[in-house]
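One structure, as structure tokens, below. Some questions next.
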Amino acid sequence: MAQLFEFEKPIIELERKIAELQKFSAEKDIDLSREVETLEKKVSLLKKEIYGNLEPWQKVQIARHPERPNFYDYAPLLFDDFIELKGDRLYADDQAIAGGMALFRGVPVTVVAQVKGKDTKENIKRNFGMPHPEGYRKALRLMDQAEKFGRPILTFIDTPGAACDLAAEERGQGEAIARCLLAMSGYHVPVISTVIGEGGSGGALALGVGNVILMLENSFYSVIAPESCASILWKDTSKAKEAAAALKFTAQDLLKLGVADEVIREPQGGAHYNSRQTADELSAVIAKYLVRLRTESPEALQEKRYQKLRAIGPFQEKSI
Amino acid sequence: MFKDIFRRTKYVTIQSAPAPKRTTAVGTRQEPKTVKKELPDGLWVKCPKCGEVLFIKDLEENARVCTTCFYHFRISGRARLALLADENSFEEWDSEILTLDPLEFPGYEEKLLEAQEKAGMIEGVLTGRAMIEGVPVVLAFNEANFMMGSMGSVVGEKIARAVERAIDLRLPVVIFSTSGGARMQEGILSLYQMAKTSAALGRLAANHLLYISVLTDPTFGGVTASYASLGDILIAEPNALIGFTGPRVIKQTMRQELPAGAQTAEFNQMHGLIDLIVERAQMRSTLARLLRYHQEGVQHGATV
Amino acid sequence: MFKDIFRRTKYVTIQSAPAPKRTTAVGTRQEPKTVKKELPDGLWVKCPKCGEVLFIKDLEENARVCTTCFYHFRISGRARLALLADENSFEEWDSEILTLDPLEFPGYEEKLLEAQEKAGMIEGVLTGRAMIEGVPVVLAFNEANFMMGSMGSVVGEKIARAVERAIDLRLPVVIFSTSGGARMQEGILSLYQMAKTSAALGRLAANHLLYISVLTDPTFGGVTASYASLGDILIAEPNALIGFTGPRVIKQTMRQELPAGAQTAEFNQMHGLIDLIVERAQMRSTLARLLRYHQEGVQHGATV
Amino acid sequence: MAQLFEFEKPIIELERKIAELQKFSAEKDIDLSREVETLEKKVSLLKKEIYGNLEPWQKVQIARHPERPNFYDYAPLLFDDFIELKGDRLYADDQAIAGGMALFRGVPVTVVAQVKGKDTKENIKRNFGMPHPEGYRKALRLMDQAEKFGRPILTFIDTPGAACDLAAEERGQGEAIARCLLAMSGYHVPVISTVIGEGGSGGALALGVGNVILMLENSFYSVIAPESCASILWKDTSKAKEAAAALKFTAQDLLKLGVADEVIREPQGGAHYNSRQTADELSAVIAKYLVRLRTESPEALQEKRYQKLRAIGPFQEKSI
């Protein structure tokens, strides 16, 4: 059973009541099927009500759920084959980023993804999904290879942000991210970036320069963590909820802002209730866009990606 | 004299070029009030490095470099421009692009008005073309006085346009960075300005045009992780703090005490991240030399 | 079963492909005596890792991998070829290029004769084309039995020719390295074979053709510092020692004690230098998968 | 006064005798000018005899002379301007390799050089001229920039070899050198490599893939250090002298073997007797080749460099 959130408790209580009723009905041999049916309808409505109107802060909690499927959960469900390739060829293999080659519906693709751990031990190994420069340089190496061989690139974003320690500073965290941005913007192959969990700041963006930007329904993608934003704005990290609303970082917000191209449905309650179903939705939507992009010329792929980036961010120009 | 530069390992100091002319930037549509704005209250200021008490007038006359220990104080974009560009050579671009408040972010409009008042400009970057010792160049300056040089949609747009125009004109680009990073109040739109500016610089590079990035105190976050790090040549001013994550955040979140001198220009150079550390007084002549090396179709009195 | 490969962090193990066929390499001009040559005296050998006493017959039948602990013993190029290539698919190239003694180096001619006798081939690399699970590929194998796989002019020439022919044929290249480095007896001419082979691989890359480098025990010196490190994909066999400077030299010259496991395939992977560590039993199927990803104009039953 | 070698002692003794004679002549007011003249002629002959017939091992000693001019000595003499650029943008600035931009006879060039120290302190800073991977990656970065901007590349080789410690292994010494070889072989700009001192193995070759390879008269360029060669061949490092002869690594040998294109004269006794004169010779010969190479098309520069490499190393082919 997945860890539960406060806002899910009314649903669980109702479900518990139905179970009690059914038990009682069976023990006493009394027909309560109509009552159960009524309650089940009520649960269904309640779920729609609660899960259909999640506030940004609640989505943050779902996106950060420790059991939320990560890239390694999706990979065998999304791909017919996957070969992980390691290392930046310079310094280390950063396990906060995984990458390699895969067959996606028969098409060879290059895949790069941030990966959080599922438990403390794995999180230490993967630095809680916060990549060091060597992680971005591995990603760059693999994406450059995709460009060389004309393979589409699929990236999966799931990080609280880039590593923010002294080691990251020493090895040029800024340079590593900037190189990814520059390189991705220039590729002549289709690039599809999907936010599958947390999209934390520049560390997320480093894999986010796609022709198409997709977001899972309960993911978020933000310039700053809501806690840090609250701390700066109101000197109070407990106001993260308000910051979460102000930052307009949910999938639906990004769709409205013209950054995300499509929001991908999750199972009711979140991806962690059914990773296979989530993978199927992911696969279908990615496939839809990949089909479109594969009809474009290399030049058009580059030009359209560039124009997409150029169009992000509104301003008003005085006529002179 | 010339030999010195081969032996000095820390800074490149060039005596061969004339001392920077203090030109006044003209052709701009706004009064350069910024230098005045920078003056702290009173007539003197204490140097944070050597502790010397400096008369502000002396400090300003020395391009805001401590006359005792050469500590480099922050300086506005327009003041930098005046130190760098040939007289009357500056043509400002895109000065009338206004920032919107796309997220209707709490308090953003007030913050913008405050910043405009403080910096004397309507957004946090100054762009245009000029000549440096006769060499034409596209210039951009982040403005620390404008919301700590943060990059919103207008900053991103102005930089991207300047770079694109440099491609059309086949000119090199020099950007002086100073920034706390992305601009929170524009959320994801601000974040993607990193990608927008990097993409424009990618096209500049594909056109084999030079880009010199000058990092000044402080350069952090989204600006470090985009255009500031993408120069063919990276120059830093002495003692400038440069990094991805700010020192306070590193200390707080990682509970990691930074060693003395961490994230200084000198630290970054030791770690292979900076080509040159150049004192403000030599910036003009050093840029001119570097630009001349890259001038297309210009003969340098070659005998080879 | 399939899921396993996502969770295993150390080696990629693929059960989906059929077990490697032990094909015999034919179409070659020399008898593959080399497997016999590798047998030590007697009927058994002790595993250096687990200490198990292994019957040589069993070891050979298991592709010279310890049946107890999976320690990978060295294996000749021809034996590798037999494990990898589709039956009757190998066409050997340039088998008749003879080494000269351009420096008239003391004792070189005798050494060469000795090596030819020991390895059963006239020089230390085997090149040609073959099919792996039906995919055409250009192959090269350094031969450890020939002067420790050292690279002289003929080794460099044969590799460069194989790569150039791959460009003409638009085929991918797979090179199995095993080498002590450059060949001292050919002096500077040997050194420049590093440049020659790297230059040829540069042309292969410019032609967007795949190069997979497989590093086997041991790969050092000039070979590590040229073609062995230049693969689009770098594969190592488990427990292979790989490095630039040999461990004995590091210990002697630097008086530096190497930590346990230094320079193993696993050490190199941890330091970001190796993509994949692949057991010998899975080499054929893994190469086939990687080659198929890069096959030009071949549809993989795409539904996208 | 430079440190003297054993083989120079007869010259020095004779010169001392002349000095004594001159002193005696002056003190006693006796005319010994004819005797002095005869002796001076003898010195001159002796110098020609000794310096003109240096054995390989003696050249090794000259090439390794602690006062032999290094790149930093030549730079102000060779160039009208020089701006040193630092760092690999990845990990560190390796001071065993210096690089930057220079004006060579009015032509902007990119310069990359190995640098040994002149004293113990500087040698520690420069790791005795033995670069780590970050040094080669700095060189690669600067040379790639030269290619981007169409600038000729001048490299100066002077290293006992690449760093051979654990740190170098950890950061991929082999990969770093190999990348330099591949990149240099593909450039479309003129590349002139000059061995100015010791050319030690793969660590030297990493800067040695030139259209033109020049060598100072007393430099050497070898696949292995003579001491190591002796140790392998005869299990006796004291036989380095014999190994030095066997390896055929002097400038004159490399000219014969078709690797070096020209040998550049040094002042009698070696470059350390007159670095300005050496720089003038260097400058003249480099200029001569640069003039030629600048008339070639980018494609021809690449193709001819490739063909030069392809031609190194003889073999015999059986006609089939």
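For this structure, a couple of remarks:
Note that the chains are named A, B, C and D in the order they appear, and that numbering of residues resets to 1 at the start of each chain.
One rule holds for everything that comes next: contacts are C-beta pairs under 8 Å (C-beta built on N, C-alpha and C of every residue); 3 or more make two chains touch, one makes a residue touch a chain.
Remember, it's a predicted structure, so these values are computed and weren't measured experimentally.
Distance between subunit A and subunit B, defined via averaged C-alpha coordinates, is recorded as 35 Å. For the pair subunit B and subunit C, the distance between mean C-alpha positions equals 51 Å. If each chain is reduced to the centroid of its CA atoms, subunit A and subunit D end up 55 Å from each other.
Residues of subunit A found to touch two or more other chains are 89-91, 171-172, 175.
With touch defined as above, residues shared between interfaces to two or more other chains in subunit C number as follows: 205, 271-273. If the chains shown are joined wherever they touch, the resulting network has some other arrangement, not a path, ring, star or complete graph.
Remark: the chains found to touch one another pair up as A-B, A-C, A-D, B-D, C-D.
Against subunit B, in their complex, subunit A makes its touches with residues 162, 164-166, 168-175, 177-179, 181-186, 201-202, 205-206, 208-209, 221-224, 228-229, 232-233, 246-249, 253-254, 257, 259, 305-306, 309-310, 312-318, 320. Contacts from subunit C toward subunit A in the complex involve residues 2-3, 5-7, 9, 12, 16, 205, 208, 210, 232-234, 269-276, 286, 289-290, 292-294, 299-304. If you check the complex, the residues on subunit B that touch subunit A are 96-100, 102-103, 105-107, 152-154, 156-157, 160, 182-184, 186-196, 198-199, 201-203, 205-206, 221-222, 224-230, 243-245, 249-250, 253-254, 256, 258-259, 262-263, 271-273. Residues of subunit A that touch subunit D in their complex: 89-91, 133, 137, 171-172, 175. Partner subunit C is touched in their complex by these residues of subunit A: 72, 75-76, 81-95, 101, 103-108, 134, 138, 145, 148-151, 287, 290-291, 294.
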